[in-house]
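Below are two complexes that have chain A in common, paired first with chain B and then with chain C.
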Partner chain A sequence: MNMGMVFALMGAALATALPGIGSAWGVGIAGQAAAGVVSEDPDQFAKVLLLQLLPGTQGIYGLLVAFITLSNIGILGGDPVKDTATGMLYLFACLPIALVGLISAYHQGRTSVASIGLIAKKPDQFGKAMLFPAMVETYAILALLISILSVSGI
Partner chain B sequence: MAIVKMQKLGICALNRNRKAILETLQSMGIMEMRLQELGESCGLTEKDTQAARAKYEKRTACFEHALTILRQYSGGKRGGLFSEKEFLDRSDFDDAVRNRHHYNVEAADLLSAERKIQECGGIIQKDENLKESLAPWRRLDIPMSMTGTRKTAVLIGTLPGIRTAEDILAAASGNLTKPSAVSCEVLAAENEMTYTCVICLAGDEHTVEDSLRAAGFVRPSLPVTGIPADVIAGCEEEIRDQKQIIADLKTQIASYVKEKEHFRIMADYYRTRAEKYRLLGQIPLSRNAFFLEGWIPADQAPRVTKLLTEKYDAYVEAEGKQDDEIEPTLLANNRFAESAEGVLESYGLPQHGRVDPTAIMSVFYVFFFGMMLSDAGYGIVMTLVCGILLWKHRNLERGIRRFLKLFFFCGISTTFWGFMYGGFFGDVIDVVAHTWMGVPKDTAVLKPLWFAPLNNPMRLLIWCLFFGIIHLYTGLGIKGYEMLKDRDIVGFFSDIVSWYLLLTGLILMLLPTDLFHSISGMTLVFSEGVSAAARVCAAAGALIILLMSGRSRKNWAVRIALGAYDLYGVTGWLSDVLSYSRLLALGLATGVIANVINMMGSMFGSGPWKVIIFIVIFLLGHTLNIAINALGAYVHTNRLQYVEFFGKFYEAGGRPFAPFQTKSKYIQIKEEK
Partner chain C sequence: MSDLDYIYAVARIRVKEKSLLSDDDIRRMSGMENSREILGFLSDRGWGDGSPEEDGSRMLETEERKTADLMKELKADPEIFRVLSYPRLYHNLKAGIRELCSADPPDHLYYDIEGFGREEVRRILRDKDYGALPDHMRKTAQRALETMLRTQDGQKCDLIIDRGCLDACEKAGRESGIPLLADYEESTVAVTNIKIAVRAQKTGKDLKFLKEALCPCRTLNTDILAAAAVSGEASLRDYLTNHGFAEAAEALKDSPSAFERWCDNRIIDAILPQKRNSVSAGPLIAYYLARENEIRMVRILLTAKANGFSEEDIRKRIRKMYG
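Right, the complex of A and B next:
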């Protein structure tokens, strides 16, 4: 059995799993807050739904990196990984989005909760409320970028 | 393309024209009233209109409630996001207003019918409950209140648990000293409860009841005295009657559906009237005259002045702005740029005397949104959806209309970038061609006009950062323009030109290095002169910042220290520019997820039936992807404008223009010219 393949696949698995966990967590807590606001003021549904969805993107970024990895390592396309070192390279290339995705999605979720609270009190401040969770996402985007560049560069 | 110039008008007119003037101004809806500073000092009073206003607000609420009820009973659809106002001729409106007492009566009837339905519902509920609690007693053919005859005693009640007649008989007669007649009947046994009727001799009543109580016997607590079956029949009859009444009332309510239009007009009429009385209560009055003051767009001022002076003998005076006043901000932009006004508004409006960045921002907004969503198929869907909505609903509320228009343009831009990157619902054309048309796997069908980002992400990254630098330079340029307008020449050179010099110099120094070559794969060789010029630019820029940034301080040591700190702001610029890498990341995300969807759809093979699976997965997957990525593109385009672009020059703080106008929700009156 070739260990390189194992490491590469582990990378792809982590890239999907960890940001996915983070996004589920973030979207979950934001959803609880959103449901609370809608119970008081159903007109705010569209706005709080958008805010709830914001932490969901990390899961997609993870999926993205995992997909590029899979199509490079011979599972969905490309050539199979031959040696352990290359496999490790894929694993480490996946780590930025895996780790940053997990933690940033959770914190983006908490920021979304706060922004949903803001919408409940001042519904006209949507532009600003949206900005706070978006700031957190920056770091997930940077991690995504490095992961993509690394994976496609190997 | 700027902030509309405002003019303050002071109006003084006779009280007998007061209503007419207010109504004219209200229907024009172009004047924002300012009422605080007049009054008291000159011995003027205000009219108390609280009661009238409350009355009209109550009427509005009454008609709104009537409309809600009509919607409930007639099943009409709710307004929703794309509800639009209806155009109405002035004469129809006047007719409706003339008949307003009639409509008031109708609305009151409707509301009372609704109240009666509620009451009937309450009665039905009560009867149903009684029926249900009497159901186990149904077999009892004597009145519930029966306690006995002359010789016998009747004990009606419940025992816990499921018991047979023999059990109960044993329990009842257990304490009798001598044999005696006791009869037990089980009426029902359900839900861990036995309903029973025990008959014994009158003399034995206490003994029997005590022994039953020891076994858990309880008399029923129902407020019923008659025979259960009769009572149940009575309840059923009453329920039938009430249902009939409800049905009648519902027909009555349904007969008002044709009045829906009138109710809408009335709701708007009273809403507008309440607004008028709100203002009326704040206007300073003397015995014969009243005074008004307010802001009006400068180009409208002569028209209003002429109208009020000639028609109503009013005295109108153009007043100057006082120092502590802020004019309200109203934006005017061309038809393309106005679509982005909403984006600016949700950040905060500009103050007078500052630049309105909407026009410039709208171009970048549409451009960046397209880069992030970057799929021709999605772009076409967005353009079509927004276009059709705009075309079908022409009288949408302004905010929603602007929003749809913005996304219409963003859709066009998305289509453009999609073809540039070669994305049309991901790679659906290639997938279909390869799977069903038998095109060989290695020939691409839809070729990108520019290049596919996934094949060369570094190249696109460099372009994204380049677009970012243009965006940021534009922001800095606007700040420079404002400084020049304020004749702050020193500031212009030390805060704006210096940064242009420094940054351009640094970029030109970076381009020929190995670092840039290894990132982008491009080799740029500058002549010696350009390199020297770059170094000189950077050095000069840095020197100006170091010396001039802290120019407000006298102490040179502090001044240099502040300058050095500002020079450190280069790192801020670096992070701002890197922030534009999201243009690449989000663009890739859309494309790759779309490809994954297509791949999943085509995974099952190429048979004709597999087409159906493919279509289902295609529709579901792409709907999800378009929703999530359009949201992402929207949020991050906003962020690039708010944080990176506005961070360079923009200060909000303008007060939105809130004219005194008709407050209508449903109708808009077509004025006859």
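Right, the complex of A and C next:
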């Protein structure tokens, strides 16, 4: 196996691992807040569940980019990477979603916790409460787009 | 515990905050005919144990117990509530010394505190077993009891205990590492210092008394406050106006009840920002203090109604609520 393949696989691994870590953290803390609200007011289950799930999307985005990468580098399909430069290209193409996914999931988790607190006090403000963590999602989507376009263009 | 360990607890507290009494609720209760009507209103809001023969004091005891049980259930850092319980511990110490040195035992004056109730306090004081007391209380208890036995001066004894309590609260808040607790204890000590200075000025106490009673804190220079109190009400008001307590000076000029109301409202103002905090122990502490505040407010209302106060008189005593 050449170094190019190592770098390409490293890109796929980072795209899966870093947003996955961020999502696990974000969904975890939002879940704690959601459990707190539901233990006092079970009627809010559906609303707080949606807010809990929002930081989980980064993990899915990372998985998607990793899947496309593996399909291009000869693991799940495509031609194997033959040189170091191409491997580095895959690594750098995966970095936007890897890094932005990690950081945005962390912050989206915290914003979801705050929004769950808002639902706890004012259940009728669900629409507004959803918007705050959804704003953070924008940057994860931008990073996902760049990673997909880059990986597909190599 | 880290701030993030409180996420579950804070979310529960957010739901609980919805059932706190608001300013409107208090105003509504103040306009009710009698204490029975107030108890009915509170019972509809879920207060008490639901039994029809429940009286006011039992309902308030039930509510205090509910708050304490909730805090235990939320597994908040016990250190926080240990610090907040200092005034009650020192109150029991005061009651114990009075009982020991008095022919008429005032047993109803004790707070029911696990491990520091009437029996424990009486035993410790009787045996002079100061080592069984918390560290912060030992010297104060010894000094207060010896002073009381030697002089039978209840006022002097209270002064020693009150000062010991303020010192302990200020130190514990400062060393807790929890910003809200530090701010709350600092506010409490500063407000209590101002109260002491105002009362001392009105009763003509000397500088020696004030220096012994006032507890040094970051917000106030107690030496200058003591000197201002001795110089007269105008000097005291000037000091307060020029050192960030202009509202206190205004309230003082207005009436004693307006000043007392300012003192309590200032404490609530210190905890209000916790309504916007999603993590940390701050919202739990704020909820606990808010519950104490509303229980105190209801007690004022019930007492006022039982003594036939007019609605206008009651409204003058209404404090700001957290809910």
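Throughout what follows, the second predicted complex is superposed on the first by the 153 of 154 C-alpha atoms of A that agree within 3 Å, B and C clash if a C-alpha of one lies under 4 Å from a C-alpha of the other, contacts with A are read in each partner's own complex, and residues count from 1 in each chain.
Following the convention adopted for this analysis, a contact is a pair of C-beta atoms (placed from the backbone, for glycine too) under 8 Å apart; a residue touches a chain by one contact, two chains touch by 3 or more.
Small disclaimer: the values here were computed from a predicted structure and weren't measured.
J.: Have a look at where A:I29 lands relative to chain B and chain C in the superposition and call it first, second, both or neither.
T.: Only chain C is touched by A:I29; chain B is not.
J.: Return first, second, both or neither, reflecting whether A:A114 touches chain B, chain C, both chains, or no partner chain.
T.: The answer is second: A:A114 touches chain C but not chain B.
J.: Per the overlay, which chain contacts more chain A residues, chain B or chain C?
T.: B
J.: Return first, second, both or neither, reflecting whether A:E40 touches chain B, chain C, both chains, or no partner chain.
T.: So A:E40 only meets chain C here.
J.: Per the contact definition, I'd like the list of chain B residues that touch chain A in the complex.
T.: It is residues 81, 343, 345-347, 454, 457-458, 461, 578-579, 581-582, 584-586, 588-589, 592-593, 595-596, 599, 628, 631-632, 635-636, 638-639, 642-643 of chain B that touch chain A.
J.: For a test of understanding, state which residues of chain A touch chain C in their complex under the given definition.
T.: Interface residues on the chain A side: 29, 32-37, 39-41, 110, 113-114, 116-117, 120-121.
J.: Can you tell me which positions in chain C touch chain A when the two form their complex?
T.: On the chain C side, the touching residues are 4, 7-12, 14-18, 278-279.
J.: Which bits of chain A are touching chain B when the two form their complex?
T.: Going by the criterion above, the answer is residues 46, 50, 53-54, 56-57, 60-61, 63-64, 67-68, 76, 124-128, 130-131, 134-135, 137-138, 141-142, 144-145, 148-149, 152.
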